[in-house]
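Below you'll find a set of structures to go through.
Shared between the two complexes below is chain A, which pairs with chain B and chain C, respectively.
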Partner chain A sequence: MGAQKKGATARVSEDPEELARNPLQAILLADSFATTFRPITLERPKVLLPLVNIPMIDYTLAWLESAGVEEVFVFCCAHSKQVIDYLEGSQWSSQPNFSVATIESHNSISAGDALRLIYERNVIHGDFVLISGDTVSNMLLTQALQEHKERKKKDANAIMTMVVKQSKPSPITQQSRLGTDELFMAINPVTKQLLCYEDKAEYSKGFISLDKTLIADNPSIILHNDKQDCYIDICSQEVLSLFTDNFDYQHLRRHFVKGLLVDDIMGYKIFTHEIHSSYAARIDNFRSYDTISKDIIQRWTYPFVPDVLCGSTAIKVERQGTYRASDVTLSRSAQVGSFTFIGQGTKIGNDTKIFHSVVGKGCTIGSNVTIEGSYIWNNVNIEDGCQLRHAIVCDGVIMKSGAVLQPGVILSFKVVVGQQFVVPAYSKVSLLQQPTQQDSDEELEYADSTSGTGELHSEKLNGDIAPDLSETASELGTGGVGYIWSVFEGVQDEEWRHSVAPIPTDKLVKLMLDEDEEQLTQDGNVLSASGELKADSDDNGSEDENNEDSRDDYVFFEKEVEATFLRAVHENVKVDHAVLEVNALRLSYNMASVDCAGAIFYSMMKLAVESPHSSATELHKNAAEMITKWQKLLKSFLHDIDEEIEVILKFEEMCLESAKEFAALFPQVLHLLYDKEILQEDAILRWADEKEGADESDKVFLKRSEKFIQWLKEAEEEEDDD
Partner chain B sequence: MDFQVVVLAGGNSKNLTPLISKDVPKPLLSVANRPLLYYVLHQLRQSNLKDLIVVVEGEDAALHVGSWISKTFVDGLHVEIAAVPEDIGTAGALRAISHHLTAKDILVVSGDLVSDVPPGAVAATHRRHDAAVTAMLCSVPVSGSLESGSSGGKDKTKKPGRYNIIGLDPCKQFLLHIATGSEIEKDSRLQKHILHAVGQMEIRSDLMDAHMYAFKRTVLQEVLDQKDTFRSLKQDVVPYLVRSQLKSEALLNGISQAEENGNEKLSSPNNQVLDSKILANASTPSFHELYSMEMEPDDSAQTRKTHKCCAYIASSSSYCVRLNSIQAFMDINRDVTGDADHLLSDTSSDCDNIIGPSPKLGSKTTVGPHCMLGEGSEMGDKCQVKRSVIGRHCRIGSHVKIVNSVVMNHVTIGDGCIIQGSVVCSNVQLQERVVLKDCLVGAGFVVTMGEYKGESLARKEK
Partner chain C sequence: MPDTQALVNDFLNKLKKRKIEGSQAAAKQTAELLRSVISQTRVPYTNQAAALIQSVKAVGEGLIAANPVELAVGNVVRRVLHIIREEDLSLTTAAMAGLNLSAVSDDEDDVDGDNQPVLSAAAIAAASRSTLRPPSLQTLLEDVPDSAAVPHTSSSGGDSEGKSKSADKSSRSRKLKHDVIEAVNELIQDINTCHEQIAEQAVEHIHQNEVILTLGSSRTVLEFLCAAKEKKRSFRVFVAEGAPRYQGHLLAKELVTRGLQTTLITDSAVFAMISRVNMVIVGAHAVMANGGVIAPVGLNMVALAAQKHAVPFVVLAGSHKLCPLYPHHPEVLLNELRSPSELLDFGEFSDCLDFGSGIGAPLLHVVNPTFDYVPPKLVSLFITDTGGHNPSYMYRLIADYYSADDLVLQRRATSGN
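This part shows the complex of A and B:
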């Protein structure tokens, strides 16, 4: 093994001709390591799900073959048996010049694990295409490969070329038509180097931020919001070893790509190749399933369209993009609309209408059924009077008469919907109960691949599952079989984003309004961000918000300080120690010593008010005692006049709000603080000056302490006279 | 052309002491024997922009500038001089003269711009797009040392032209993002909604905002009125307009209704699209229109109001530098006598050729290429002048060597002086055998014998 590895690294430096002699290899990940297709993927791997009646993996393999790839390693993990069995039984096992080998794993939980395993197998000997088994494309690889190789020759660090495609996300949902979230990519227009990849830009609402070093290094950067990642990567061998070196890389994009972009020590670079006229898209969620199915029916993916791919079973393309297998039994009164696919042996009853839908093999559809924008897989039995709109119906489902599927419904394998039952929008129905181990996000992300769950369930399914189903029959109406999965909290609102169903108009309207509102608030942020003065009228909204945040922080801080102070009082902690503790708090809350002074003073006064007293004089006495005892603590945070002023302001605030009893004593306490040399004369006078210009209501305490201030001023003048 | 030009000529500038003083305000600083302001006014006259307001900081300076202009540009230009208090910033200066502005569009040019980019082209771009603001962008000068001249930099308007970070749309017509000053040091924060509307944004750090803007007058006045804290055009007004271009509702609502000629977007979005299609010679409407149209699926009255921020990008071969530091002063002097000497062509009455009409040169005195010698200057024997500018009526002794320097008018230089990389202002007297290296000598100073290196010599101003 060791020797082989050495060979592998040595090969990198070999001349390109030798490299060219290597057969072009591809790694096909037949596991999405995601849970977006649950509950369907609990029973069948995603790559075997039919896409316009042909398993997804066939599209991917067919494209790889046409693109000149000679050797494909199919990595299977979840339901690996099913994938291997399928491949063995398919045409792919017997192709000349195109070998498909499977690599099986039972414990990989991410693409990272998969690539690490493949690295260990040491089967990749040169540049390879990394793709997942749910990708549909018809692009030519030659040019991208060529570019990749040339770059690699010039710069050994150019280890990956990502294929991107123009796709402007909807301005309202910020989502591409494939249902993926908006993606921001910064690309150098000349070299096509990828500089920044941001697919989870949610957290920085309203802004996308670009690192200053990027701008310093590249005189021109194009920031794209209108590109779509096709998830077709041309990689050099180093990619595999990088995954091995960085054993924490899991996700191809989130960890690997971002990791490389951030890490400037190794200097690895990723480049992009944009395709213009050809097709490439990955089925990432139900929405992209819907979109890509439509694209296939509308022949954007030619030659990878059903009638070409399955040449044996004669499928005829009729006018308006209607695909019909030869032996479909269609009632005379049935209407099959445009862009619809009807599979072999399917029977369709009277007055049934089917539009923009895919119906698989061996289905029986009764009379007066309406099917619109839905995907019906094989051997489905739909009885009379059912209505389906924008739903996915898996193999073996039985819909009893009059059942209705509202938009966005997913019926997993062999579910039975009871008579007249209306399945609510966006429901996911399965014979299997919803798994409950959804602890963390991370687990949720990769749970699907823990092959255990999947296979365990499928075994169970083969056995007698019926008994425990009967009790839940009510969930799907009389005679219904299956569980309606509950939607997790928080995900609920987002369900429509990735559903097969088009986005409802009310959501769009709501989003649009939200967006406008957001922009209004953003506006404020923008303004203050650029160092503009705060007095701006527009600003106020957001300015308050910011203050709110810091105020919250301050409230917590104040509470902590108060607790510390109380403890110091009750346990007779030394002043020095109390100072230390408050300082520690200050650091951990990132506060200034002004805040400390305010908070300590607040705690002192609060304690004085809370300790028993019957009259104002007693309160004054309490306060005096408190101040005398803890003046050292307070003073250690009063370094300059600003902080002293803060104390006065704080006191003023208290008198107005929390400790109104002090209001009467304001001048006295002020005097006391002056006597104890906690406040300097300057601080008091400046406070008075500041307040001079304030509103009348703000001046209450100034007026009360007028005499004292007058006295101070006079004293000062006398001093000056001396 | 219904364009009014405001030349912000400035007045005093800390960056340029001791070159400028009370007697020589910045606009009159001699650059290649011509006042700095000449270069801008000349370009404006070339572009047939003749309705000018020259804004000068300080009353005295205004008088000086006024008398010079009336002397030089007697005919052809209609110039008003306006004096504004010092340190009110560029936006403040415009606010102060706002009532003088009457034309539909206003071209604001900084008086310290030495450039061969035709202002008329900027104005035309502005008109073509019916933009709210058009900014002229030029390539960052190769010397790139503008930043080094920055010192203090309290006054925003006088801050040396730092590099900007500029976001452009794919056609490089519209300005989508602009960052100046300290923001450049931070990570750039780009507004998503603009990016959403445009799809892609090109971020350039090799372009410089040359401080020549065309504004729609109504917009400019509205912004100046509403945002009374804005001090600088470059740092406040323009970035503000760029930021708010897709949601100008709050800002421009009043105007568009009040003044139809200013902003017709409200009344007829469809016509508007058509108009600007024709105007822009574009087959597709700009993203501004698309964005504003997209709001009305049910044809409600709710259209988004947008305004356009355009960019005029000067070709990389054109010359464009702002004189806002000593370094820039030296560079410009060198360039104007050298590579960019076309800036001096088509001279007006009191200007001279590279070598003035009546210089008296002593024997064996050589004046190298890229030099300029003003009229009436005299030089003694065996002098050498290389890559330098010498003003009018200078008296230069024998065995004097002047390299890479600027010597202004009425300077007396004693025998055996060596001047390298220095600036010697008017009426300076250099005694014999003075050696200056990288020095600045303020007006009227008398330099006694000795060697000076990297010093700034000036009379103490009271």
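This part shows the complex of A and C:
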């Protein structure tokens, strides 16, 4: 007995992790903190939107449950009440070995805030799965978890494992099949450590920068652009505390992942786990909604497919991937094509054609209706002769006879489309008016509709609708109810990228042409483009350094300095700041202060010449003003005589080449510079000495300033006499 | 009751999530679950069998609906129902015999009359049994023993009849439950040992220097082949790999570790190899009442090849795989479409599945059915735990295991929804 006890305690101390084995936990963010699903998300949270007729969150929860997660914390923010009510009424509240707890917040505006709040609650006791409520997957977690645990045991800094999956981006649009931007990842193929994570936004300029140390530290690196981020993360507890420590982390990827990758002080590491045969994807925008719906219908997500989730007595799969509920009323002449889902209690009239679409529960569809590639939710009423192509139609919408939806249309809840009305492509229609101030910051999703205020708003609006009818009727035809949201400038061109509709061919052709052109002009563009760039972003300079000859460097540098100087003049930048900027340029171009002095002087004189003047005296006055004003800037780069001589040489060069008007004024300006104590007499005399032995042609300016030099020499001698 | 409810829910969940692989496991777990349901059910004084049937049906309907493709679940539910009916019948006949006995002894007070009522009880039992189902070949051939044994024991109880009627009733109710549970235990035992029972017959079928072909992997087939090997038969096995799950690879590995001469071929090479094969031995997912087989995908092709070359096509099936339904029955879901990822790598094909360009509809459709249907005329022989049978005999065999009243179980389930 005693021995046994001893053995038991020994084992415990040996393997504390075994003792501390907690039930596997998961954090499910039931809020995307993005506005991509507006206007629908103004009325209903994204996680409750039906995906092939089942709320998205059910897919996520079903997967978590089958993957062996025992405790899920659902973080609700926007429309939290709806989410909580749904979960309470659903099967998830009464599962054995699978508990779903909700955490409610009204003021979180980002994933970062959510995780900080969860950290405060102190409910997570070990490794956890971090997932958002709009993820569909059927992967097995066991292997990924085990890998994560083993790595963690070896290296306490390995705090996160990201799940990735191969998915080739389209070469034309540079976006993945899920409508997200092309993703660039650098991964160490042996350890699977993630070294670099860039969304397209950052490297659209045509280059990506990798830290030199990465290449030094890792024997091999593979750069991927064909990996899709599944947004399923296995995290250690430290992740939560990291979010708390870094209160500015908002976005999981943009801030947190990148922050960790850049930060080499703490040395936290992120690893990847690639899945091959299983499926995982996140619904990020309307395009991925479309893609993932089709994947589900094609059964890539098996066993999370409608006929299994709902029970196959209720929904049956027929030939060509048609899913039909048991009590559908289908006219004999109606045609239901392949990859189509028809929900319970739906009635479909004569000669109606439905292809590649999802039709929800309790819909009434009239005769001669054409539905193609569309998502029709529950209790929608579509009258005779309507046409729908690649549209999303939310609950309770009424389409009067003959109405047409062009590709990419979103009709939010309870919108009424008038007779024969044609809703233009890519329009978003809602009963709610478009929020007037659009948050350009993507993080602030739902900011104006957080937690239930949206619902109140809508109720109020519903009341208002009756008197407003006459006004809105014009927007959606006779008898129509709803507002067509206007598209913001700049976003418009991009609308097709994230829409449910396939990309129109003319766009693709245009993109292809653009790309060709870009490649053609790229070589010619390099000079001017980078020149412009450098004007504001000094620190990018180093990247270009490698590309160009050192001879050209000075030319660029001079241009940069000139641009900086001009900006300083026009924007009244303080001299100190201008000095700093020029210094930064000097460092980035690896130049000496001699070059700076030359370049600044050149810029000053050039400006003086370029500013309006009618006579030589005025020009002199201009130059004098310029020098007086900016003498401090110039002086800060004149540390010794050599630099001063350089200034004189530069001036000489200018007078010969670019600014011949100064040629006549050479001695005067030289005198001015001497007076302002920019040039010391030693420098001028040395210059004169050097020039003494030069060619006759070189002595032009020396001769012109002979008088001045003579005076200088005399003054010196006088001094000596004294 | 709550703990059985939890058990039921748990099992339902597993069935729904397709987490139970193999019909043997499903059958066994269903039987065990139903056993605990029966033992938890409180039976009233009258009509206990009806109460038991009620509760088993309630659970069974849910189980069948959870995964209609796994026919073994439905089979076991029906068999348990059949067991309850049978036990109830034998108990009532026994009681009637007892009553008759006491009535006779009361009236005539004659010791010699003892013999006749027992006979009459047996006759009643036989009569009522014949109304229940058509007489099976099995019972006709080897008629007897249990129906004679039961009245005998209860007739001894009949002697002490007048003492306490209520005590007798409660013991009877306990007896029914007890008997049913005993019988279900036997069923579980049968399911557990079906592999061995089938494998025992291996020597009769596999002869020296034969070449056996099989497709995919089946535990029954593995045990069968190994049993023949243990009996010192030397033969060779061709294993077709069984795409897309390639379980044939596992089978080949297992066979080799057991010392069998094994050749692995692709499914598409079956026709080329069949002329060298002496016998095809495969497992099944379910055997239907008409002798048709629901089997892993690819087997119909093998059966056709075997027919072409007149090679015997032998199907091994435990009795839990015998399904009383016909494949043309509308409620029988013959197939299950699994994930296309078993066929091809999603990542490699992701550009073909980009719905953003083109017509916005998938041009590539990957279908991955799990099962094939092999019609009875292609099957030469079924080997179940009770011996070898012709396909045309299957409906009689099935009549032994199921009551006609329970066949409609599933239709009720759908109308209930």
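Criterion: the second predicted complex is superposed on the first by the 468 of 722 C-alpha atoms of A that agree within 3 Å, B and C clash if a C-alpha of one lies under 4 Å from a C-alpha of the other, contacts with A are read in each partner's own complex, and residues count from 1 in each chain.
Here is the rule we go by: contacts are C-beta pairs under 8 Å (C-beta built on N, C-alpha and C of every residue); 3 or more make two chains touch, one makes a residue touch a chain.
Since this is a predicted model, take the numbers as computed values, not measurements.
By the touch criterion stated above, A:Phe184 is placed in contact with chain B alone, chain C being left untouched.
Within the superposed three-chain model, A:Lys294 lies in touch with chain C and out of touch with chain B [touch as defined at top]. In the superposition on chain A, A:Glu88 contacts neither chain B nor chain C.
When the two complexes are overlaid on their common chain A, residue A:Gln320 makes contact with chain C while staying clear of chain B. Of the two partner chains placed around the shared chain by superposition, chain C is the only one that A:Gly373 touches, whereas chain B remains out of contact.
By the document's definition of touching, of the two partners only chain B reaches A:Ile221; chain C does not.
After overlaying the two complexes on the shared chain, residue contacts for A:Asp211 are found with chain B alone; chain C is out of touch. Within the superposed three-chain model, A:Tyr302 lies in touch with chain C and out of touch with chain B [touch as defined at top]. Of the two partner chains placed around the shared chain by superposition, chain B is the only one that A:Met512 touches, whereas chain C remains out of contact. Within chain A, the residues touched by chain B in the first complex and by chain C in the second are 168, 226.
Those residues of chain B lying in contact with chain A across their complex are 165, 167, 170, 181-193, 195-206, 226-230, 235-236, 239-240, 243-244, 247, 250, 291, 294-295. Residues of chain A touching chain C in their complex: 62, 66, 95-97, 138, 165-168, 170, 172-173, 175, 177, 179, 226, 276-279, 287, 290-291, 294-295, 298-303, 308, 311-314, 316-317, 320-321, 326, 338-339, 355-356, 373, 390, 501-503, 508. Within the complex formed with chain A, the chain C residues making contact are 6, 9-10, 13, 16-19, 65-69, 333, 337-342, 345-348, 350-351, 353-362, 365-366, 368, 413-414, 417. Of all residues in chain A, only 168-169, 171, 174, 182, 184, 186, 189, 201, 204, 206-212, 215-216, 218-227, 512, 515, 519-520, 522-523, 526-527, 529-533, 535-538 touch chain B in the complex they form.
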